[in-house]
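As written, the chain order gives the labels A, B, C, D and E, with residue 1 at the start of each chain.
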Amino acid sequence: MARILKRRSKKVGAAPGTLVHVGEQKAEQVRLMLIDYDAGNYQEKQIDDVADCGGFKDTDTVSWLNVDGLHEVGIIESIGKQFGIHDLVLEDILNTHQRPKVDDCEGYIYVVIRMYKSDQASEGDNGSEQVSFLLGSHFVISFQEMIGDIFDPVRDRIKNTKWRIRKLGADYLLYALIDCIVDHYFVFLEKMGDTIESLQEEVASDPTEDTLRQIHKLKREMMMFRKAVWPVRDLANALVHSESSLIKDETKVYLRDVYDHVAQVIDTAETYREMISGMLDVYLSSISNKMNMVMKVLTIIATIFIPLTFIAGIYGMNFDHMPELHWKWSYPALWGVMITIFVIMVCYFKKKKWL
Amino acid sequence: MARILKRRSKKVGAAPGTLVHVGEQKAEQVRLMLIDYDAGNYQEKQIDDVADCGGFKDTDTVSWLNVDGLHEVGIIESIGKQFGIHDLVLEDILNTHQRPKVDDCEGYIYVVIRMYKSDQASEGDNGSEQVSFLLGSHFVISFQEMIGDIFDPVRDRIKNTKWRIRKLGADYLLYALIDCIVDHYFVFLEKMGDTIESLQEEVASDPTEDTLRQIHKLKREMMMFRKAVWPVRDLANALVHSESSLIKDETKVYLRDVYDHVAQVIDTAETYREMISGMLDVYLSSISNKMNMVMKVLTIIATIFIPLTFIAGIYGMNFDHMPELHWKWSYPALWGVMITIFVIMVCYFKKKKWL
Amino acid sequence: MARILKRRSKKVGAAPGTLVHVGEQKAEQVRLMLIDYDAGNYQEKQIDDVADCGGFKDTDTVSWLNVDGLHEVGIIESIGKQFGIHDLVLEDILNTHQRPKVDDCEGYIYVVIRMYKSDQASEGDNGSEQVSFLLGSHFVISFQEMIGDIFDPVRDRIKNTKWRIRKLGADYLLYALIDCIVDHYFVFLEKMGDTIESLQEEVASDPTEDTLRQIHKLKREMMMFRKAVWPVRDLANALVHSESSLIKDETKVYLRDVYDHVAQVIDTAETYREMISGMLDVYLSSISNKMNMVMKVLTIIATIFIPLTFIAGIYGMNFDHMPELHWKWSYPALWGVMITIFVIMVCYFKKKKWL
Amino acid sequence: MARILKRRSKKVGAAPGTLVHVGEQKAEQVRLMLIDYDAGNYQEKQIDDVADCGGFKDTDTVSWLNVDGLHEVGIIESIGKQFGIHDLVLEDILNTHQRPKVDDCEGYIYVVIRMYKSDQASEGDNGSEQVSFLLGSHFVISFQEMIGDIFDPVRDRIKNTKWRIRKLGADYLLYALIDCIVDHYFVFLEKMGDTIESLQEEVASDPTEDTLRQIHKLKREMMMFRKAVWPVRDLANALVHSESSLIKDETKVYLRDVYDHVAQVIDTAETYREMISGMLDVYLSSISNKMNMVMKVLTIIATIFIPLTFIAGIYGMNFDHMPELHWKWSYPALWGVMITIFVIMVCYFKKKKWL
Amino acid sequence: MARILKRRSKKVGAAPGTLVHVGEQKAEQVRLMLIDYDAGNYQEKQIDDVADCGGFKDTDTVSWLNVDGLHEVGIIESIGKQFGIHDLVLEDILNTHQRPKVDDCEGYIYVVIRMYKSDQASEGDNGSEQVSFLLGSHFVISFQEMIGDIFDPVRDRIKNTKWRIRKLGADYLLYALIDCIVDHYFVFLEKMGDTIESLQEEVASDPTEDTLRQIHKLKREMMMFRKAVWPVRDLANALVHSESSLIKDETKVYLRDVYDHVAQVIDTAETYREMISGMLDVYLSSISNKMNMVMKVLTIIATIFIPLTFIAGIYGMNFDHMPELHWKWSYPALWGVMITIFVIMVCYFKKKKWL
């Protein structure tokens, strides 16, 4: 549960705009990486002194500042001052449980979204982290909770002059990063799909209580995923219809594509949700069927042997006057009777399809 | 599951507009068929060199280029260049798991939709494939995953001068193709309906675990179908209200008709969904009823014979002083008592309606 | 199931506007009845030659042409030509599984709706048939699947000069006919209500598997009814807000009334739906309760007699050294012990409220 | 069920505007009460001759005509004529199963709403009746099904000059009456709440089949209440945003207040609905738990005594060569074995928490 | 239930605007605290005579009057008169079961919202109370049901000149108070989350009937919380888009932040709701599993020993002619047979995975 709603307690009652990091510290140290490029130039460097990072703000090249680690509030604050970011936005960046959204502020656009990393998706919420983006006229600043992300394909494309990204502006960079995140939603869904498939077989063939636990774990993960992804549709829509001059019309075609992808992700997620519900039904009816089988075994055994035991009991009585006891053929005759009863019973159960 | 979400992994992180075929290769070879016609002329030929297909672009006749097979990216790319198609659209054509949609691009309209082939519908997703259409002022290009489609009636009508289609433009051809696809949704639903009907009888008369498995299979297929059909309503609506000059007002009357058909398909699909849910309820209560019957049999046998066995047990004891043992009529009297108990029990169960 | 989705197969792939009758042939022969009236005149006659029916098109009197039977495509086609009806509309008239809707065409309005006949409502879909109306400036043409309808009260009012209908136009006639159909929805619901009531009692007192089957039949009928009635609300709304000059403002007040009635029908239908779901719950918990009772009987008998039988078994053993066997009072003492155990058991079950 | 859908049959097929009373006759005699007031004057009288009631129509005082009993169609018709009410409105007044709504007619406003009387609420639908209001520039006419209503507080306020109502117009009177009706929805909900509370305890402690029946009765009543109350929100909204000059802006502030109250009623009703569903779940799992307990008792007894009885059976056999039978200590030794088995069994069940 | 719907009965039928306190008296005495501040000045005092509180109305400083306790209607009325508050608003302040809402009145804005206090949240509704705010151009009046609130952090910030709140107007104060309330929704959700987490473990490991009761209690609390929080989203939205001059544009940025927080609260609440439903499913299937296990134990014991007991019964019969009884090795041979049967049975159950 700790994963679901991180302690916001330290913040409760604080003045709005008070910068407090809400969430676990996931990176040991804050790391700032700057990538600066235009059609002809490319430069990548680690920034050690935060005070330096404002320098690229007014250059004509596209600058991408990536911040890994949010626990050192001072660094975020310093960046905020150099780029003129509103306190409330900085607060949102630091609070790692935001609902995905776009804020169109003066001079920049703020986007917050949840990133699912493919290599850890099975760990539930731990496989995801919050990413915030600030888009200015010539820069994108991204804030991640920890080192390690899914943006390497974008970095590779920036390095290589042949790709369009080198010729286009900061808004296209923002698009490329968001597109990368949405693409990984598909990877997450694929993993989900595989798990659902194997669970479906398990449920049908040999369900145990552990199966049930796994189904519910899956259901919970799906719930978390939905919570993260549904608002992304509105986010993409808001970007497509943004009136900000920061997003050029050429880029909007691409953002529309992101919107379509998110719609597809949501469709698939809904389908999976129904499948998981369906599995619960199968599980329950499978339990019922098992119980039914157990009951049948009991009933067959009891129904055959209880009457026979009764008959044996009769002739175990010690009455002085029981003529049958003294007849010569009564013992074999009794065996005959009992075998007949047995056969009739078995036929009855065969007819009832219990055997 | 592989059917539900094809591996998009090869694409993850790729630059947008990178052309990669996402999906299984379903055709051995890409085949291009061109049908070129106007009121007076008709010509049908296979195109072997992709570079040739741009030739008909500016003619006044209506040209329908049908592409079977999407796995050779180069061919799609070449067509894209000749007709000036946006990279993102080509990407969508190649990704065979698109959500049905319309994109109104400059100079052409892009439509993607899922086709259900009647002869394979029972194979689940395999019975369906994605079809993309590009509508230009004088041409329609259709992209299918494999050879073999449901468009032969349209081809027949084009061949014959008596039909209206020969006198009308490319937009009417697009309509005719979409109409054909929607008509086959009804065929799919009919098959579904037949399966539901036979399952309903099976569930009512003699449900087995296999019945349950079939119900869930049906449910899953219905879910897939819904996912494919729901967006078609928006698609048809978008075409009806399109402001593009590529779709003439005369054709919109027909497109409205398609919209009505899709609405009817969705209505029926929803009804089927409820019916399938209803079958699950019947199944479960039928299992309960069976268990109830098993329990009754056990209870009747046990309740009759356990007390009788007890009585027999009493007179099997070896006490020295048991006066009943020595009376002359006690054995037949005991039989009388036991038969009386038996009769009372049977009457009790008759009254309870257990027998 | 055949009732749910009639074979549209003969139509699949046909050119749009191809006239094919989709549905069962329900009338032996097509019958055309014409009623022609204005404030002062009244005339009713059967038309034998279809070619004649166009004659009344341009008269100032209101003409109502009623067509019973749709299987003779030629007749419908001929009427269509005489009144200038679009091919797609004729196609819809012939396809007896349309979704209720209004089409505002040039020169006429097309309305299709489902009619529930009160005398056959219990037969499921058979009790309903599709009715199409064409409203022109001075005529209404109605198409029914078979002879026999619910419009006699309207015919009676037309015959009698005292009623308003004689003074008003064709739009009022259309309203009167639709109103009549909607009124019969209430009759259908009443019958449903009676069935629900009697089933509710059956479920509460003595539910059998047949009860379950009836509940599901009811549920299915309700589903069909909803499918037929929900779109009628939009239909009524569209008529109220129609901008066509064919519907006068005076008539719209009446159409609003129809809209209110349909809203009421839908409300009641929803209530019934919930009631039917409630019955399923009651049925299932009633089955559970029954099983519970069976189990209790078994448990009581077994719990009382198994220990007693064990005791009897003890003293049926043949050990040489069993001193109790030789005591004089051990037999009656044992009876005392067994009766005590019996009484304790019974008290225990009384306390547990199992008896 | 008769309560749910009153026989509308007498109306089916009748001309629209035909005045027929639909519903049970609930009052013996129609009674007309007139209250006529302005800031300075107050007059209350019973009107015996319907023809008289039109007299107050054009006076400047506010007149409130209350009609108890709807079964005498002539009276309603006469009132309708004197005040110029449309036939369809009169028809709605007489049909006591209207959906709550507002109709903005020329010269007057028609409001129909369902009134829940607090003293009979437990009788289901019988505790409610339909009230229709006609608001003119200087009059309000209210139609009730029977004598006895909840408007006495309003009458008291009118009598007393100190209240605002004396200085305000007919629209404020209408508001006061509707407000009174909505206030009684809260009273109804309170009663519901009490019943839910006591049922919740019953379900948790000692549920019987009667409890289930009561839960379903409650559910049905709630369904009826919802059906009556949901449309009132739209009604209130329509009054607040009415463009009719009959409702003054000063009064709209008050009507907004009614709207807020209805929203609160609906919120609470929804909460109750969920509570009732929750109770059904508790009931079912309580039944399951009971069965579980019964099964445990059976299993404990059978599992302990069946093996012991088998052992006793062994030494009841009559083989000539059974050495144990002749040993001196075998009988007490056997008791030792049996007690040991007994103790082990009991420990096992203790560990399993079945005891 | 008393907590759910407080007796409104005393109000039923009263004239609108009649001031009656609806709810429990939660404070012993009404206490009025005034905080008066601007950038340079700060003053805090208790007001003993209500008549004095109007004095600060027209000063330029921001005045916050906090009223604890609503049961003395006279005090509220007096405040209302001094500040020109509409009767209906005063009525709403006194009725402690309002739906959260904003009313934009002339000269002031009325906000009513539910406050969850973190230290009592587990007490259900008792942990929450209704807070009303009146925002004027230079004042905020807050009405609470009892002494003790969650606003101390706001008070601390006001005391300290370093905070922005000292420089900003009454609208910012209102925002700060609402923000504080919304922050405490997160605290409530956290507690909920902890409870859900511990219940989830309990349900999975060892569910009892008490677990079920707790789940339903949780569900009910969640229902109450939803009822309180859902309307707050609309409330925040209304404030953000308010056209009143009382709310400055600078403050709207902050109110938007509140809106985002409420959206997040609702998302989390919905997730919890689904989790609680999931727990019910787990509980039920866990009960089924337990029953299944009980049945298995019974079946294993009965199935093994009933046939063996039958065999023992056979040789306990007293027939004169039973040759086996006299053979020397028949007793050990019988043991062999019985042990063989036992072993076969155990193997069978092992194979069935019942052991």
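Rule of thumb we're sticking to: a residue touches a chain if its C-beta (ideal position, glycine included) is under 8 Å from a C-beta of that chain, and two chains touch if they have at least 3 such contacts.
These figures come from a predicted structure and were not determined experimentally.
> For chain B superposed on chain D via Cα atoms, how large is the rotation, as a multiple of 5°?
Angle of rotation between the two copies: 145 degrees.
> Report the inter-chain centroid distance for chain A and chain C in whole angstrom, where each centroid is the mean of the CA atoms.
42
> Return the distance between the CA-based centres of chain C and chain D, expressed in whole Å.
26
> Counting only residues that touch at least 2 other chains, which ones in chain A make the list?
Residues 284, 288, 291, 295, 298, 302, 306, 309, 313, 316-318, 322 of chain A each touch two or more of the other chains.
> Taking chains as nodes and touches as edges, what kind of graph is this: line, ring, star, complete or other?
Contact map by chain: ring.
> In the complex, go through chain E and note every residue touching chain A.
Residue positions touching the partner: 118, 150, 152-154, 157, 163-165, 175-176, 179-180, 183-184, 186-187, 189-190, 193-194, 196-197, 204, 253-254, 257, 260, 263-264, 267-268, 271, 274-275, 278, 281-282, 284-286, 288-289, 291-292, 295-296, 298-299, 302-303, 306-307, 309-310, 313-314, 316-322, 354.
> Show which residues of chain E lie in contact with chain D when the two form their complex.
1, 4-5, 7-9, 11-17, 86, 88, 92, 97-99, 101, 209, 212-213, 216, 219-220, 223-224, 227, 280, 283-284, 287-288, 290-291, 294-295, 297-298, 301-302, 305-306, 308-309, 312-313, 315-318, 322, 324-326, 328-331, 334
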